[in-house]
Each structure stands twice: as C-alpha cells, then as structure tokens.
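Two complexes follow with chain A in common, the first pairing it with chain B and the second with chain C.
Now for the complex of A and B:
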C-alpha cells in the first residue's frame, strides 16, 4: 500500500474576515504528482505556506511523512524541496554559488554536495551559465535556477508553487519535463498552477480549488467525467440566423449553443458524429462558414460546470 | 552549517554594491572633500609651529628682548623674533616671511598682513605686553617697593594662549568632521544590518521564506548573518580610519589603536540599529532603507557632520539627546581620547555603545524570532 506523504486535515485559515482556506483536506500518496489547480486567490499558495509551516492557521492539522509539521520539524524539512512562486535567489551570488548555498543548507558533506550541485546544474541545463549572476539571466533561465536551488539536495517531497509564471514556452517545457523526471526518480511532487494545460500534462492526480475549498479531486479523466460536456464544436460563421441556431440547439446530444463574435459554439454531451450533424444542417440551410474545429472537454469545463465561471481570466 | 552560512554571508556582503558605495567609496570621497575644504584652513591658521615676527626697535627695549628670548626658549614657542630695520621688516612682511612687524617705542605697535589666527595672536601679544607694561609703570610710580613683586607676578604669563590639551590627543576643531565621517560610516552599516532581517524573515522576502523552509534553525542562520556583517563592517571601519589617518594624514593623536577599537564597536552599533529597524513591522524594504539612511544622516547632522558647532548647540538645548544620539556617542568616544588623560570617559562611551548595540540586537531578535506568520 502506498504511503501517505502529506496529510492535510480540515485546515482553516482566515485573514480577518476573509476565509482563505475553508476546512480544506487533502492526502498525497508517495510517488504522486498532485496538481493543485485553481484561479488566482483560490488558496493554493496559502495551502503551501501552511504546509511548510510558514503560515499559522486557525484550525486543522498537517502531517508530512507521518509526523506533525511544525516550524522546528527540521528532520521533515530536510526531505522537502521548495520552489517558490517568486524567484528566491541571491542576486550577489553566481548560478553555481546559489545552488551550492541552498544545497549546503541540507547537505553537510562537501564532496557529496559538489556532486549534487553538478547534477542539479545539469538537470536544469544551466551548464553554460555557472558564472552568471541572476540579473544576467533571462526569465526562463532564472526560473530554472530557482528550481535547481530547490531540488539540488534530492528531496523526497518537492513543492512547486507556480514555477512557470512568466516563462517562455521552451523553458516551460524543460521545467515540466524535469518535474516528471524528478517524479520518476522517486520524488513525490505537489504542483500548484492556474495553467490547466500544465496540470493536465504532468499531474497524476488533481485537486481543484476555489475560494479556499477543494471543489473536485481525481485523475484528469475522473474529473472530466464529472462534466456533461464531451465535445465542444466551434464554427466561424457570419450572420447566423436565429432560426438556424434554434435548429442546432435541438439536434441530438446538443445541450447548449452560443453565438458570439461571429463564432458559433456548440456544446455536446455524449453521442457520436455530432460535428457531421451540425455541418450537415448548415449545408442544408445553404450557409457558408469558415474554420471549424472540435475540442474535447478540458479542466476548465469541469471548473466552469462546478463554479459557473472560467478557471482563468481572459487576460491570462 | 554555521560556517557554510557565514562563508556565503561574507561573499554576499562583499558583492553588495550599496556596501561598497556607502561604506567605502562615499567616505573616501567625503573625506577627501573635508581634507580639501577644511583641513587646509586648519593648517594655515592653527597647524603652525611658530609665528615669525619682525621687531623694529626705534629705541632699545631690553624688557622686550628678555620677554621674547624667554618665549623662544620654550619647547613649544609660538613666537620667533627677527630684529631688523623698518625697510627690511616691511620687505619680510611683503614676502610673507613674517606674519607681522612689532615696532618698539614707548609702547609696542603692530603691523600685520591681513587677518587670521596668527595676526590675532600677535595682536593679543602686543596688547598684553602694553597692558602689563602700563601696570608695572604705575606700580613703580605709586609704590616702588612693590614694583619687583608685580613684575615677578606678571612675568609668569606673557603668552597669549594657554595649552588646552589635557592628554596626548589632538583637540583641534577640524578633526571632529573626520570623527563624524567615521560615525557616518558606522551608522551606514545599519543598511547591512537591515539586510540581515530582510534575508532571514519569511514575511519580508522570498529568500527569507526559502531559508525558513530549510532545516537550518533560524537562530543559526541569523547569527551567521550578523557575524558576517560585523566582520565586513569592521573591515570597512578599518579601511575608513586607515584612509583618514594614513592617506589624508589627519592627526588622531597618540591613541590610534583605541580609535580603531572605537570605530569597530561603532560599526557593531550601526549593524544592530539596522537589524532592529529591519525587524520592525512589514514595511517595504525601500522605505526601511530610506528610514535608516535618514536616521543615520540626521544623527550625524546633530553630531556636527554638516555644521561644526551643532553638537554644542544640542548640548545646550537638549543635553539628553547627545547621550542617546548614536553619532554623538561615537564621536564623543573619539573626543574623549583627545581631551581626557585617563580612559574613564572613553570606557564609558564604549560601554554606552555596547549597551545600545545589545538593546537593538535583543529587540531585533525578540521581534524576528517568530517562526510562523499570520500573513506572508
């Protein structure tokens, strides 16, 4: 039976009138990559800060590796690697020195530390930048350094709090691949993000948060099964008559239509050949249309269905 | 773990531009400026060995001869007379080889070249001589039997100035600017102290949060930072004193080792002040930096960095303030070496600095010892 690495039980955290975590519970098993998904302000970072014993909380209990987590749980802290949302490195130290410094907080043995630092450098691909100061690094490279500082000591539990914010696609892919590799090497990972694509890509299990509560939990397939949407058809079409839209609305398996900005969105639940049926109807009505595409349900659909709002703001 | 932290604390401090600028480059520039602007004036007016004066005797004056001979025989003679005729004396004055001409008639009269400390002293000498000559003549006229005792009494002191140094120090007015400069460097060390709290507090920086997540106890981490900062600050203080003493050639008297000790301890005071201010509340780092810079400059202002007699003015109006103003306490410790022969006052000032440092450190530790925060 898989060992429980993290157990959060009935956690409540209030900032004055605002309840940031509302009886939040979660269990993370050894070897998992758990994604904490939620919009900004949903309580992901607060959960992480409570987990790390940086924040006090009003109610609840947190156990890591079977022991209660407190600020002086140094034996537990030794096994945790943290990659903060904000880059936390010394501007005055080079890439190598930064990694060596943070690794040295966990590893006393110099030879072992050197080996670990070299491995971490290689892992994040910063071999060519060892003597660079953080200010000379691009945003993506800086994030990679941030990660190297957090994982160099080979922790059993790695916590990544939105590590890909403001990162270029190349670095983002490198980071995500790296997390999967760390997991393959035996680390349990907690990954918070509001990018559902990332969470879908790497997480073995996902907990969706909103307003400090866990609103859904499961694998991505389990979560997607929670929504009635099985397919979303999008068709670019000019001047769609209302009568035609009404006809589409009553086609089999169609449960919702939207027409906005010359774009028809048809949401379907179950069934097969939904796209063919919609296109057939448009052809019959002698309407010309542009680009057509079909999307499978996303975690955003799950979030939308549960909360009635999108997971990400439009500008994000 | 402690040594690992200490090693990197030293490395970080050595590379912080603000430290290089404010603790090394700025005092070097300001010190050079003080030297150019003030010290030349000092050397011209006060830093003399002897005032050269030409004496023109229109009638022989053996008393004047005796007085001048006695003055010249002293170890620290302030006058050196050249007996000559009027034309030659005027030439010497024009060539600035003498500071004035004393004409000896029934009374002495004086011609000087411009104003200044030397002219004032010559003028004082002539005035004193004439006054005393009159008193003696009056005594001879009124009571000849008492004339000798009057002469003996008056002859005891003919110098226009009295040596005021009570020690082997250097109690000149201009050195205080350099003492204030050292105090300013010490107090700018508060910026280093500020970074100790910023980098170790989870609620003040991401770096602090990451360090708080490590298995190194916060007390060890903070202690390593403090010791590292004290070492760097100490080096900056030594550089500052060495530069002022050996490059600018400012005379600190014969207590140089004690000046170094006092400067080092004042550096600790600066760091502890910064550590304390850094620990107070969750104010933005930039604001805390501004507060500390302002406090340091104001402290130095009231101690006389910008206006020479400010400390005296403060002493008259708010004497208690000079006792708690860090810059005043620091400069006082240097002045004590100049003005007092024993070390009681110096030790008192050193203890005051250490007590102030201990209080700042203690409160800084008490405020920042928290390991969990209500808000980040």
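Now for the complex of A and C:
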C-alpha cells in the first residue's frame, strides 16, 4: 500500500462570519497528482495555506509525511515545494538570483545549489532569460519563474496553487507537462485550479470543493460516473418551436433540454444512438440545423449536478 | 546567509537614490570648510557688542571703554526685532543696556538691576558676557570697598582685569577648529536621515513584503533568523554610511579629531542609530516607495528645521522649541551645540542628551517590533 503523504482531517477555518473551510478532509498518497478543483472563493488557497501552517485554523488536524504539521515543523517544510497563487519573487533580483535565493532557503551547499538552480532553469526553459528582471518577463515566463523558485530544491511534495492563471495555452501545456515530469521523478503533487480541463489532463485523482466543503472525490472516471449524464448533444438550430422541444424532452434517455442562444442542448443518461434519435426527430419535423456535436460528460456536469451551478463562468 | 545576501543585492539597486545625498552634501561641505580655514582668526575671543548707555555717567563710560578694549562695539537701533535680526545674522553677539542708576548702584553695592540685555539664550557669547560683566562689577566693588571712590575704582578694576582675561582664551591653538567642526556635524542629522530612509526603507520594505515573507516562512528558515539577517545587513550598511561621513570629516578637519570632536563623533553615531530606527519604523508601514520619499522629505526637512539643524535653536519660537523636545534631532543638536562651543559644555547634560537619543531609538524599535508582530502573526490577512 502506498504511503499517505498528506492527511487533512476535519479542517475548519473561519474568517469572522465566513466559514472558508467547513469540516474539510482529504488524504493524498505518495506518487499522486491530486487535483483540487473548485470555483473562485471555494477555499482552495485557504486549504493550501493551512496545510503550510501559514494560517491558523479553528479545528482539525494536518499530518504531512506522517507527522503533525505545525509552524515549526522545519523538517517537514524542507521537503515541500510551494508555488503560490500570487507570484512571490523579488523585483530587484534577476531570474537567476531569484531562483538561487529560494533554492538557498533549503540548500546550503553552494555547489549543489548551483547544480539545482541550473536544473530548475532548464526545467522551466528560462535559459535565455537568466539576467532578466521579473518586471521584464511576460505573464507566462513569470509563472515559470515562480515554478522554478518552488521546485529547485527537489521537494518530495509539490504544491501548486493555480500556477497557470493568465498563461497562454502554449506556456500552459509546457507547465502541465513539467508537472507530470516532476511527478514521474517521484514527487507527490497537489494541484489546485478552477480549470477542469487542466485537472482532467494531469491529475490522477481529483477532489472537488465548493464553499469550503469537499463535495466529491475520486479519479476522473469515478467522478464522471457519479453523474447520470452520459452524453450531451448540442445542436445549432434557428427558431426551434416549443412543441418540438417538448417532443425531444420526452425521447427515451433524455432527462433535460435547454434552448438558449440558438443552441439546443440535450442531456442524455445511458442508452445508445441518442444523437440519431434526436436528429431523426428534427428531420421528421423538417427543421434545418447547423453544427451538431456530442460531448462525453465533463467534470462540469458533475459539479453542476451536485451544486446546481456551473464550475465557472462561460467567458473565462 | 541567503537573506543577508539578498539584502545586499536589493540594497545595491536602491543605493543610488541615497548616495546622491552624501555626494551633494560632501560637494557642498568640503569646499565650505576649506574656505573657512583662513578667515577671521580671532573671532571667538572678540565679540561684537552693541551697547546702549542709559546711565551716561563717567562710570558707565568707563565700562564702555573697558569693553571696547577687548571687543568690537557695534551700534544699532534699540528695537527688539532689529536686535534679534542682528543677533541672528551674527552682526552682533550681545546687546547690552547699561540701566539708568548704574553708577549709583555701583557705589552702594546694589548690583541687581544694573544691566539689561538681548542675547542668544545659552550661547557661548551670553555666558561669556555674563561672567565678564560679573567679574568687572565684583572687581570694581572690591576697589570701592577698599576705599577708592568709584571713578578711581573703575580704572583700577579695568587695569587689574585686563591682565588676567587674556590668559583664559590664549590656549586655543586652532581657533577656527570648532567652527569647521560645528558646521560639519550640524547638518549631519539631515544627511543621515535622508540617506538611511531613502535606502534602508525600500530595502526593508522589499524584504518584508508579505508574499515574500510568507513564501520564506514555507521553507526551513526560522523567522528569527530572517529578522536577524535583516538586522545584520542594516547594521553593516548603517555603519558604512556613518564611516564614510566620518572619514570625509577627517578631511575637513585636516587631521584626526581631537578633544570634544570625539564626543561629536559618538553623538553622530548615536544619531545614525536614531535614523536607522526611524527608517525601520517607517518601513513597517505599507506606504509604497512614493510614500517613503514623501515621508523622507517630511521627516528629514521637517524635523531638521524644527530641531535647529538649519536654523540655530535659539532663534526658534518658544513653542517650537518645546515641540522639538519630542523629536530626537533636537537632542542631537543640543549635544552638538555644547560640543562646538555654541553653548557651555556640561558633561552630565551631554550624557542626559545622549541617553534621550538612545531612549528614542529603543522606543522606535519597540514600536516597529509591535507592528511586525501584528502584521505577521495575524496571518488571517494573508490574501488581502
């Protein structure tokens, strides 16, 4: 059986009236990439900060590597790499100096540190920017610097708090691949995000949280099995008569229809040939339609089903 | 060492904005002090005295003559404002009024109300003149009591006194030494505050940035170690700035410090620490870099004006002087005024002044520490 690396037990954290974490529990095993998924304000950062003993909490207990985590657990802290949500680097130091500074907080040996820093630089692909000051870096490069500062000392547990916010898709993919590589090299990873695609792409296990509570947990497939949705059919169609929509909603396996913005969304649960049945009906009604596509369930469906709201706003 | 190293690197980036003050200061101070060297050799033994004779008797005339022998007599209108202006611009050092009834008072020994004066409170000239007049009057009285009439007594007194007084002043081998000394240390508070606030504040603010502190707290560096290394960095920097100023000072003196100058050196070091504590205190507020330079101007210029760095304290209003007591620079200046001979030297007073400066340092550091405690232990405001 794999070792438990992190054990969060019944954590309660209040900010005055607001309960940011509400009896939150979570276990992370060695070698996992655990995705902590939740909309803005759901308590992801709060969880991370409690985990690192940066925040005091009202109730609960946190164990890392089998020992209780406290603000003075320096032997535990030594093994953790943290990439904060807000980029925390010195504007006055160059890329290289920044990585060297943060690596030096853990590694005293000069030669070893130099080697580690060089490896981190290579890992995030900042070789050409060593003499740059952070202000001169683009958003994506800055995020990469932030990551390099967090992982240079080769920690066993890496915690990334939304490391890809405001990063273009190309940089994002590079970052995600990097995280998977770190994991392959033996690090356990906690990855928070409100982008479900990212989480689906790299995480071996996912915990979904909302309003400080864990609302679901499991592998991607386990989670998707939790929703009755098996297929979502989307059809672009102008002026859909109400009568036709009613007919569609009573087709077999269909449990929900939506018509919005000239787009018909049909949610199906189980069964086969759902798409053909819907299209057949439209053909019989002699309605013409544009683009048609069908989607397998996403984590958003899971979230939607449990909380009744979407994981994030459309425009994001 | 990581934090100390980062301190020095950040300092290197912020240094130019502070060093410019030192450069400008030295550019002004060095030529000034070199010019001062050749001028007015005997100034400090010869005072400019303005006399109003309301008694107008042979006795009062004799006194005027006695004073004239040693000092320069200048004449101005007898008007308080005019006189204070003359005193301010050092066109006169002392304005003496010989009150009506002087000769009678001299004859019958009622010496209380013989003189009136306008002078700079506690200045060297004032104290000197008071002693000088006292000596004269006691001496005249002695001859009267010895049986001479007052006309002869004033002459005998003048004779006997003129022999002694010269001896007192003679042993100052380099008369303009205190003057060079004075102007250099006089402006020191402004320089120290400006330099230290302009450099130390931004550096400390960077290294105490909340996200950086939290990020560092995630590592195995103990928070006390962090503070300790910041402390070490600041100490090295402050000492370096102070040493630069002292070494430049040596040039201005044309040699090693001597006598009271060593106390002025000590005083300036204490004030360097005062400036440091102010910088540390200011840097514990989140006021941004513009805020810091604004505050540097306010504290630097404001305090220095109020405390007699630019304008001698004696010329400031009573209220201002009272208010200045709450500012550390005024105690530096009080100590310095005694050391450069503006005021009479008193070692116990000097010790008190320096202790008060130290008390300011301790207070500022404690307040800064409390602010830090509140800021970093109340971790709940992490994201805000």
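Note that in this section the second predicted complex is superposed on the first by the 315 of 316 C-alpha atoms of A that agree within 3 Å, B and C clash if a C-alpha of one lies under 4 Å from a C-alpha of the other, contacts with A are read in each partner's own complex, and residues count from 1 in each chain.
Please note the rule applied: a residue touches a chain if its C-beta (ideal position, glycine included) is under 8 Å from a C-beta of that chain, and two chains touch if they have at least 3 such contacts.
In this text the structure is predicted, and so the values were computed from the model without any measurement.
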Put the two structures on top of each other at chain A: do chain B and chain C fit, or clash? clash
One more residue to check, A:102. First (chain B), second (chain C), both or neither? both
Just checking: does A:55 make contact with chain B only, chain C only, both, or neither of them? Give me first, second, both or neither. both
In the superposed view, which residues of chain A touch chain B and also chain C? 15, 49, 52, 54-56, 71-72, 74-75, 77-78, 80, 82, 84, 86, 88-90, 92-93, 97, 101-102, 104-106, 149
What residues of chain A sit close enough to touch chain C in their complex? 15, 45, 49, 52, 54-56, 71-72, 74-75, 77-78, 80, 82, 84, 86, 88-93, 97, 101-102, 104-106, 149
What residues of chain B sit close enough to touch chain A in their complex? 1, 4-5, 8, 11-12, 15-16, 202, 205-207, 209-217, 371-376
Please output the residues of chain C touching chain A within their complex, sorted ascending. 1-2, 5-6, 9-10, 13-14, 206, 209, 211-212, 214-222, 379-380, 382-383
Across the complex, what residues on chain A touch chain B? 15, 49, 52-56, 71-72, 74-75, 77-78, 80, 82, 84-90, 92-93, 97, 101-102, 104-106, 108, 149-150
